[in-house]
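A, B, C and D are the chain letters, set down in written order, and residue numbers restart from 1 in every chain.
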Amino acid sequence: MNNAERNLDLVVKEIADEMRQRTDRGEVATYIPELANVDAKAFGIAVIDAQGNVAAGGDSDTPFSIQSISKVFTLTIALGMIGDRLWRRVGREPSGNPFNSIVQLERERGVPRNPFINAGAIAVTDVIVSGHQPREALGDILRFMQFLTNDPSIAIDEDVAASEKRTGFLNTALANYMKSFGVIESPVDYTLGVYFHHCAIAMSCRQLAMAGRYLAHGGRNPSTGLSVVSAERARRINALMLTCGHYDGSGEFAYRVGLPGKSGVGGGILVVAPGKASIAVWSPGLDKSGNSHLGRIALETLTKRMGWSIFG
Amino acid sequence: MNNAERNLDLVVKEIADEMRQRTDRGEVATYIPELANVDAKAFGIAVIDAQGNVAAGGDSDTPFSIQSISKVFTLTIALGMIGDRLWRRVGREPSGNPFNSIVQLERERGVPRNPFINAGAIAVTDVIVSGHQPREALGDILRFMQFLTNDPSIAIDEDVAASEKRTGFLNTALANYMKSFGVIESPVDYTLGVYFHHCAIAMSCRQLAMAGRYLAHGGRNPSTGLSVVSAERARRINALMLTCGHYDGSGEFAYRVGLPGKSGVGGGILVVAPGKASIAVWSPGLDKSGNSHLGRIALETLTKRMGWSIFG
Amino acid sequence: MNNAERNLDLVVKEIADEMRQRTDRGEVATYIPELANVDAKAFGIAVIDAQGNVAAGGDSDTPFSIQSISKVFTLTIALGMIGDRLWRRVGREPSGNPFNSIVQLERERGVPRNPFINAGAIAVTDVIVSGHQPREALGDILRFMQFLTNDPSIAIDEDVAASEKRTGFLNTALANYMKSFGVIESPVDYTLGVYFHHCAIAMSCRQLAMAGRYLAHGGRNPSTGLSVVSAERARRINALMLTCGHYDGSGEFAYRVGLPGKSGVGGGILVVAPGKASIAVWSPGLDKSGNSHLGRIALETLTKRMGWSIFG
Amino acid sequence: MNNAERNLDLVVKEIADEMRQRTDRGEVATYIPELANVDAKAFGIAVIDAQGNVAAGGDSDTPFSIQSISKVFTLTIALGMIGDRLWRRVGREPSGNPFNSIVQLERERGVPRNPFINAGAIAVTDVIVSGHQPREALGDILRFMQFLTNDPSIAIDEDVAASEKRTGFLNTALANYMKSFGVIESPVDYTLGVYFHHCAIAMSCRQLAMAGRYLAHGGRNPSTGLSVVSAERARRINALMLTCGHYDGSGEFAYRVGLPGKSGVGGGILVVAPGKASIAVWSPGLDKSGNSHLGRIALETLTKRMGWSIFG
């Protein structure tokens, strides 16, 4: 362990300690009943640097529901399948609205603003489902996650998926609304089934940070050398995460943390420091924009102490 | 001139050549009559690296109306005056709407989404005007531009200011609308007068790139060592430019160019490559989002050839 | 036949003749595929006065899909079931938006503006379904129509219902959206099934005019003396028809025709001249607001010639 | 005095008594400071039947600021000047939004939904101003009011007009916004000056009921026989009052009162019972839609007791 590694290790441990002691934790999401069962005091962090060193702290090995973070990976898959034709079905602009807003869909005739709001992620999922049985599409997504992490144990939490399916009236509304404009091609039930399931993938911070390494390193896993996407595509996915990755708190996240990332209502956030590290944090309590409250604070601290902001 | 400098110089010249030959140029803004008189074929570029070397091409010394680019500098001044209290009057989120939309103002009770849409920049200008005569406030802004560029010749194009004042009904609507919610404190005429005038500052690419150096280099001019803002504030202004700097084309700009920047309807764009360079381009033809068409393409080419994207 | 009856008869015949000769007919609705099969040149009219005299012209005995006109009758039933508690679930204001807009639902947290836009009518249908099997609820609605018309032959066009169910993604979106706010209580499939079926009831102008008589005559059928609703409730339903009965063309209809009414995308319009007559017209071609083009013109002519406007 | 007259007189007196005893009075408008000085307990009512008999009660001779009620009369004047060409500049549909909303103006490119929301009334005023000095236009409006009431004492409350001008930022925003779309032709200051002044006309219930008689009686004053507008135009203005006359409470007013009318934030309401009477009430406390709370209740009671609803 050299100085830089030692320093990173130290900073990560400090942050885990500081977060453990904080009493402000935000509110655990309750709109998916199964998510409400989580331990509100959990906090985990894992950082993997360019050399593959892992600095971890807190509950970094506890699996949690990655929820919207899965949208980064389904976007990657869909771009691999149909390339830039994807952008006929979904935009690339921040939404300026809550994650589940249906208003812009009306104004823009069923084409969601970006792939990271719910409607956009459903449209992206529909591309993956196209012509397949839901089970096959879901298998593809899961295998991709297992490939990225080199971990065949990654699985879907069926209880969360079932809970979301039972209560996902808003997503059902969004999907049917897009279907009415022809933006969704598969049967709505197929696409939504796959969507609910990939949001219910359970991963730990360590696994998630491993999965995000290709985005931090020009599209390739720097340890194995395996290429996932081109360097340009990695950059572009990062740009989308920066402008759109945190719902209606994306500007705030860029302002405070200064790194591209994607949050989920399960309390996880995946963040990329280009050329330097892939980072995952988890704390279930959310702020009013639906992003992990302590997760965001931990990342702000990490970026500042490591000097990792992409903005100078 | 070392290799890196020679390379930058070459790339900039190439780009100026390529842009001169393109026939797609977008549409020159006509909503401010005086702006429509500009030469649609003009193209200029200037890049100033960390060492202060200037690589320039095309009409890099022709002054043009900086328009909304001035919002970066008024934001800097207002933050210097009242610090984070500014954020009570203006948000930090991308708007997801055209630059002149009044809709979000209604939903958010007169508080604009960010300092770079028109409403937000008017609210920022109001902070600068506060308690002063318009002439004094305008003097402060102009002196700040002259200080940043070390060039006392920078001036306001009074014809453009007068033209904008005569036809600026939409901005007058926005200002009165915010006033009705108490977000504007000075007389509307004062604040708008200063706003129209600072948008009418005329600068060349070379001057503009010089003015933006503090944002590229941790808040300081690396040649003189003079500090303009703290490193953290420079990073944060960069973050705001990235998420909100190009109206409803901000996501697209981040996706393609990958650098923080701010555009104006005069056809200029100021861009920052943190730690590396301050860049200004100018071409009057605009795309449908109101950003310089060739300017954006030139910047996309520059970032790619120099490997300057902040996203990896 | 006295003079007044003779005059009404004459006017109705004239109108049927004039409409037959017009070449402007609007566009037949195609969004429900089964509706597109109708004869675009059809035109029917039936007027029943206070004494029960029927003046009819054109295709007044051809059954057509009453579509949204059914909303007047389901509103009557739901008010009979739960009275003014209905207004907790649906408003009484014109929407200022197209009939299928989802925007206001977001702003008003799932409570539709009025019972005559799609979302509102679905919420009203949900009240009727409450605690029942769809088949039972539908039976109640159908029996009410048969009672009003004293005609047991009135039936649902199952092809239209099936066609609407297959393609009703927008209504499915609206229903799920309201369900997400708790405004819909029954399973979405139940409520939508009943909704699609009652919209698919087929009736002729003569039957429809008969069904509307209680609204024209203080809540009672003046021929049989049977009371359907109180006089006050009849007045209030008429007021709702006037302000909200024609989607985003309600103001225009009041301005031109001057009588309360309800249109359907099948091309029918039911209109009430309080104290004087119940009127039904049918012509499948629609104007841009989704109301029967010739139907509206026929009604404007009828009101003018008979002096029946409620506005003086 | 015959029985009918005696009955009307009695009902009006009863209502004045009942209203005096109520303690629920709504909130007096404060957004125009001068309006807030009024006596919150004031209540007046005046009814003029077809024969010209006046039944009055309470403060029926106290002048109050008619505010938006003036929009009925400016609409009448503008229609007299340019006829149906007026409808190119303003629509005829209910807005489904608060009276001062700017949102629909954006969606509909500066054309207000109807002549009774603020934006629409400003556009109508602009027609009257067209080519004239504000003083002349205002003189025309005032003379029209004096002609309708046969009362040369009717005047503008200059304090209210000045107060509104000083604080009317929202209306200034609306006017400039429409100007940016070319919907306003005169200088904004001219049009707004006239608008603020005609809203500040002061009239008593008795005068107002007199002014509205032409709308109740086919466009003519039934006592003098003088024609103001055609019978058709009177009907159409009545239709507009019914669908749009009470801001976002228009549906509710039609539902409860069942007569065309126009309210103002000064607490007055002018109502028309076609063929029967012209009615004015006044009570300064407003409900949440901005309509007189007791005024609406008094009118609901009057219509019910007199059986005057146009809906049966």
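Methods note: a contact is a pair of C-beta atoms (placed from the backbone, for glycine too) under 8 Å apart; a residue touches a chain by one contact, two chains touch by 3 or more.
On a predicted model such as this, the values are computed, not experimentally measured, just so you know.
**Q** Tell me the fewest steps from chain A to chain C, where a step is a jump to a chain it touches.
**A** 1
**Q** For chain C versus chain D, which are copies of one sequence, does the interface use mostly the same residue numbers on each side, meaning over half shared, or is it different?
**A** Mostly the same residues.
**Q** In whole angstrom, how far does the Cα centroid of chain B sit from the Cα centroid of chain D?
**A** Once rounded, the distance between the two centres reads 48 Å.
**Q** Could you put a whole-Å number on the gap between the CA centroids of chain B and chain C?
**A** Each chain's C-alpha centroid was found; their separation is 56 Å.
**Q** Can you check how far apart chain A and chain B are, centre to centre, with Cα atoms defining each centre and the answer in Å?
**A** From the centre of chain A to the centre of chain B is 32 Å.
**Q** Send over the residues of chain A in touch with two or more other chains.
**A** Chain A, residues with two or more chain partners: not present.
**Q** If you go through all the chains, which pairs of them touch?
**A** Contacting pairs: A-B, A-C, B-D, C-D.
**Q** Once bound in the complex, which stretches of chain C touch chain D?
**A** Its residues touching chain D are 91-97, 104, 113-114, 215-218, 231, 234-236, 238-240, 242-244, 248-252, 254-255, 258, 260, 272, 274-275, 309-312.
**Q** For a test of understanding, state which residues of chain C touch chain A in their complex under the given definition.
**A** Interface residues on the chain C side: 101-103, 105-106, 169-170, 172-177, 179-180, 188.
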